[in-house]
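Next, two complexes with chain A in common: one pairs it with chain B, the other with chain C.
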Partner chain A sequence: MTLQLKNVSLVRDTETHIYPTSLDLVDGQFNTLLGTTLAGKTTLMRIMAGLERPTQGQVWFDGEDITRVPVQKRNVAMVYQQFINYPNFTVYDNIASPMKLLGKDKKTIDDAIHRVADLLKLTPMLHRMPNELSGGQQQRTALARALVKEARLVLLDEPLANLDYKLREELRDELPKLFRHSGAMVVYATTEPSEALLLGGYSAALFEGKVLQFGPTVDVYSKPDSAESARVFSDPPINLAKVNKAHGQFSLSAGAGWAANGEAHALPDGEYTVGFRPHHLTLTPHGDTSVKVSAEVLLTEISGSESTVHAVVDGHTWISLSHGVHSLDKGQTIDLFIDTRKCLMFDDKDRLVLS
Partner chain B sequence: MSQKAQNNKAWWLVMPVVILVAFNAVIPLMTVVNYSVQETFGDNVFFYEGLKWFGQVLHSERFHEALGRQFLFTGIVLLIEIPLGVAIALAMPRKGIGVSICLVLMSLPLLIPWNVVGAMWNIFALPDIGLLGKTLNAMGFDYNYTRQPFSAWATVVAMDVWHWTSLVVLLAYAGLTAIPEDYFQAARIDGASAWSVFRYIQLPKMKRVLTIAILLRFMDSFMIYTEPFVLTGGGPGNTTTFLSIDLVKMALGQFDLGPAAAMSIIYFLIILLVSWLFYTFTMRNEN
Partner chain C sequence: MSRLKWLVPTLYIVFLMLPIYWLLNMSFKNTNEILGTFSLWPQTFTLENYKTIFTDPTWYNGYLNSISYVVVNTIIAVTVALPAAYAFSRYRFLGDKHLFFWLLTNRMAPPAVFALPFIQLYSAVGLFDTMWAVALAHCLFNVPLAVWILEGFMSGVPKELDETAYIDGYSFPRFFTRIFIPTITAGIGVTAFFCFMFSWVELLLAKSLTSVAAKPIAATMTKTASSSGYELGLLAAAGALTLIPGAIVIWFVRNYIAKGFALGRV
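Moving on, here comes the complex of A and B:
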């Protein structure tokens, strides 16, 4: 099974919602669309579903151009951030609804419902109404509807965003298992990089209507091919700074510098952008590859075992993430250590040259 | 058992509302109750009569007829206004400049004083000079609301529909716009028909606002007075004499204070009972 977007774009009025995009989604894996709100995740899904016709480009499914096939004929299922169920149907009838519309017989429907309800732990709730269920159960019902439909394409649009933390973790673990054997192509939208990493599979980093990068999730995370892509795939945001290379030495405008060893040595001299994630900017050094910069504390957030420090370095705000509890006062001058082994280096055209 | 210190200051906080409710509801109501059990011949002389007036009103043919007309009228306007209001709300645009235009147009009839509505329709429907009346007669219909009961009824109903359907539209529209777009998208993906979307998504989601709309329209139409009074004065004959018109005739025209007071209490209890039954019945499955 394949789903391809070929140079798809969407312009409404004069506003570009999706810039020309080509994507080859991968079968049997979670394909995650990662980006902030308004990045175009939902719009892209609507195009895949056939709810929205692209201004240009084509959508191909299994070697067939389906751009002009209406949504009803595409056999897709979609689950939303909001819990969408028929309000005056019981859970049972809700799950049955897509199969009834497909004209399946009673026995098949009943068997499928019990199988799915068992899988999603909905069996005791089958005869309740949606408004008598908790948020998690309502979303399970919606997922059950998507599962029994045996759709070829399943679109999950931030399905966990409205659930509380514990339920979110629980369902997140179950989701890949649920859809693994469904034989469907699964597309999952999220705003959280950590969620994309936990789901594994493949990820597309989206920013302002552009797909910046698509590949195995771990690769997109560890080798972002542009600074923008790195920014999308980092929470808290990645720190970016200008760095100059000359005489085999990188130097920050903040004063710190380190030797360009190994691969870095081969880079031509000139201006680069260095990127390092918050947990590679720490309050204590990491061996001899760390370089020290002086910073002024703006804000400290302590979340249990970790401390996030927002600090100003040479006029730019950087974010540092360290283990342990560190209470620092606003305005205090501290030393921060950049782990230079973990730095990403982008050239003046914003392309990754070193990771 | 723990002892809690008594603090009577809270009474001061509820005092304003107690006074307000006392003056605008309890005291007037009790005055009416007072009248309903007494007979008077003027000069502030009253005789206690017990429940005599209640018996008299409940057994009078005049009351039965007015009550019958009232239920018929309310039934007809509800049957027209609720479906029509929902249909208009469904047809209204969801976004763009059309929304404000429609909302303003819809609100206009609601902003017109009730006696003006009556006067407008009175002139509008006059068979010799009114636009509606003259046109109907020119088209060959024998239409004269001052002489024919059917014309009078049709005019009163049309006037009420014109005046109040907007309220249903506004409520239904508010209910419709509160449904997240995702529901419609999900229904499209499922391949549901427009009828199924209405039947299984929009209607259930509108249940609460429609309940309110039906209640409001029931109570208001059941109490209708000003517009038919200005339009037909209850005529021809007694054919459009609804309960409130009859009540005013009895209280002010004939100065039968006792029977009129008894009738207003019965009238009030009917509205209360029907509203309560309707509400309990429609809401019994909610939560």
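Moving on, here comes the complex of A and C:
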């Protein structure tokens, strides 16, 4: 089972929503589309579902061109960010509706519904109307409907975004388990890098209608092939700075420098962009590979056990994430430490050369 | 202060109800008492007026005619407006906004403007003096109104509902009848109510497009007033009965109306 997008693009009213994109989604895995709002996640999903016809390019499923197959004839299921259920049907009928339309017999439908309802803890609500349920239960109903259809392609468009924190964590744990057994190909859209990492599988980093990178989630995170992709896959945003390599030494314009050892040694001299995530820019040094820069505090946010410090270094705002509670005053001069072992290095063409 | 809280609403309601009370009061009196004495309640209580209306075909046919064209008009207006409103709420097409506004402007034109062309047209095609003439003529202002109200309700339904249904495998007609229409029943109720009311109270077209066979109750009332002197008691009874259909309809849609106001279209 494969889903391929071949050079798919979407232009509406002279505005490009999706730039030519090719993607080969991986079967039996979570394929996460990661990007901010308006990155094109939903549009890409609508193309996969057949709700939107691409301006150019084709969608292939199992070696068959399905670009022009209407949505009703495709074997897909979709769950939206808003809780979408049929308001005039009971939860039971809501879940039953795709099966009824497929012409399954009553007994099969009934068994399937009770199995799925047990799984999603909906059994006591089966005979209620959707608007009598809480948000979490409504979304479970929508998920149950997607699950019971046994579609080969399941599209989940930020299904947890409108749920409260607790429910979100709970459902996020359940989701991969639920769909693993169904053997379906799952496409999951999210704005949160941490969610993509928790779900595992494969990820595509999207930015302004372009797929920047696609691969195993951990690889996309640890080896972003461009600074843009690293920015999409980092929350809080990754720090980027210009760095110069000369005589086996990297030097920041802020003054700090470190020796280019190992792989870095082989890089030709010249300008690079260095990227380091906020938790690799700390208030205390990490061994002897840390490099000290001096910074001026702009803002400190303390979230329980962690402190996020926004600081200005040589005219650029950097974000530092450290353990412990550090309350710093605005305007105060502090020392920040870059963990140079964790640095990503991009060349002048914005390609990853060192990680 | 708190003891006076009931005062203003009470006064307001008394003033509102006064003409209605007076109408009912008159309907239970005979004409002599109405003209001769001033009484706050009937001195000689009589149901004679109502009896006349329910037994004399020239009277009760007026009601039947009115109700038939109003019901037919409401059904036509809502049926025609449903797909139109769906198109306005879901699709973008050339001139959609202008067309939508143009629909509203139909509501602004006084019906008198259209009386003459309608009389001429309906006479030519043999519809004159039938309830169809009035039912169709009232579509002139009720269809735009229905489209306008329904569009508001439909736009309140997320388009993801439509898409979910298509993904589940519903065809458009099946989705529209099984899911979409039940979802907006409140809107349809409100729309039907307004169509019913506007058609029920409209007098000019209803009167000029009918002569004998399909004469509406309002026309019957005005004619009786001029021919056999002033039968005020009878007229009051007819008036009181005219209020009833409206009251019944309001009773059925009272909850939906509030919802309609909340959606900001009514």
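One rule holds for everything that comes next: the second predicted complex is superposed on the first by the 355 of 355 C-alpha atoms of A that agree within 3 Å, B and C clash if a C-alpha of one lies under 4 Å from a C-alpha of the other, contacts with A are read in each partner's own complex, and residues count from 1 in each chain.
Keep in mind that, in the parts below, a contact is a pair of C-beta atoms (placed from the backbone, for glycine too) under 8 Å apart; a residue touches a chain by one contact, two chains touch by 3 or more.
Just so it is clear, the model here is predicted, and its values are computed rather than measured.
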Overlaying on chain A: chain B and chain C, fit or clash?
clash
Look at A:P98 in the shared chain and tell me whether it touches chain B only, chain C only, both, or neither; answer first, second, both or neither.
both
First, second, both or neither for A:A49, with chain B first and chain C second:
both
Using the touch definition from the top, say if A:V232 reaches chain B (first), chain C (second), both or neither.
neither
One more residue to check, A:A77. First (chain B), second (chain C), both or neither?
both
Considering only the touch criterion stated at the top, classify A:N131 as touching first (chain B), second (chain C), both, or neither.
first
Of the two partner chains, chain B (first) and chain C (second), which one does A:A260 touch, if any: first, second, both, or neither?
neither
Check whether A:I338 is in contact with chain B, with chain C, with both or with neither, and answer first, second, both or neither.
neither
Which chain A residues lie in the overlap of the chain B contact set and the chain C contact set?
49, 51, 71-72, 76-78, 80, 82, 84, 86-89, 97-98, 101
Residue ranges of chain C touching chain A (in the complex, touch as defined)
158, 160-161, 163-171, 179, 182-183
What residues on chain A touch chain B, complex-wise?
46, 49, 51, 71-72, 76-78, 80-82, 84, 86-89, 97-98, 101, 131
Can you check the complex and tell me which residues of chain B touch chain A?
180, 182-183, 185-186, 188-192, 200-201, 204-205, 287
Spell out the residues on chain A that touch chain C in their complex, using ranges where they run on.
49, 51, 71-72, 76-78, 80, 82, 84, 86-89, 97-98, 101-102, 142, 145, 149
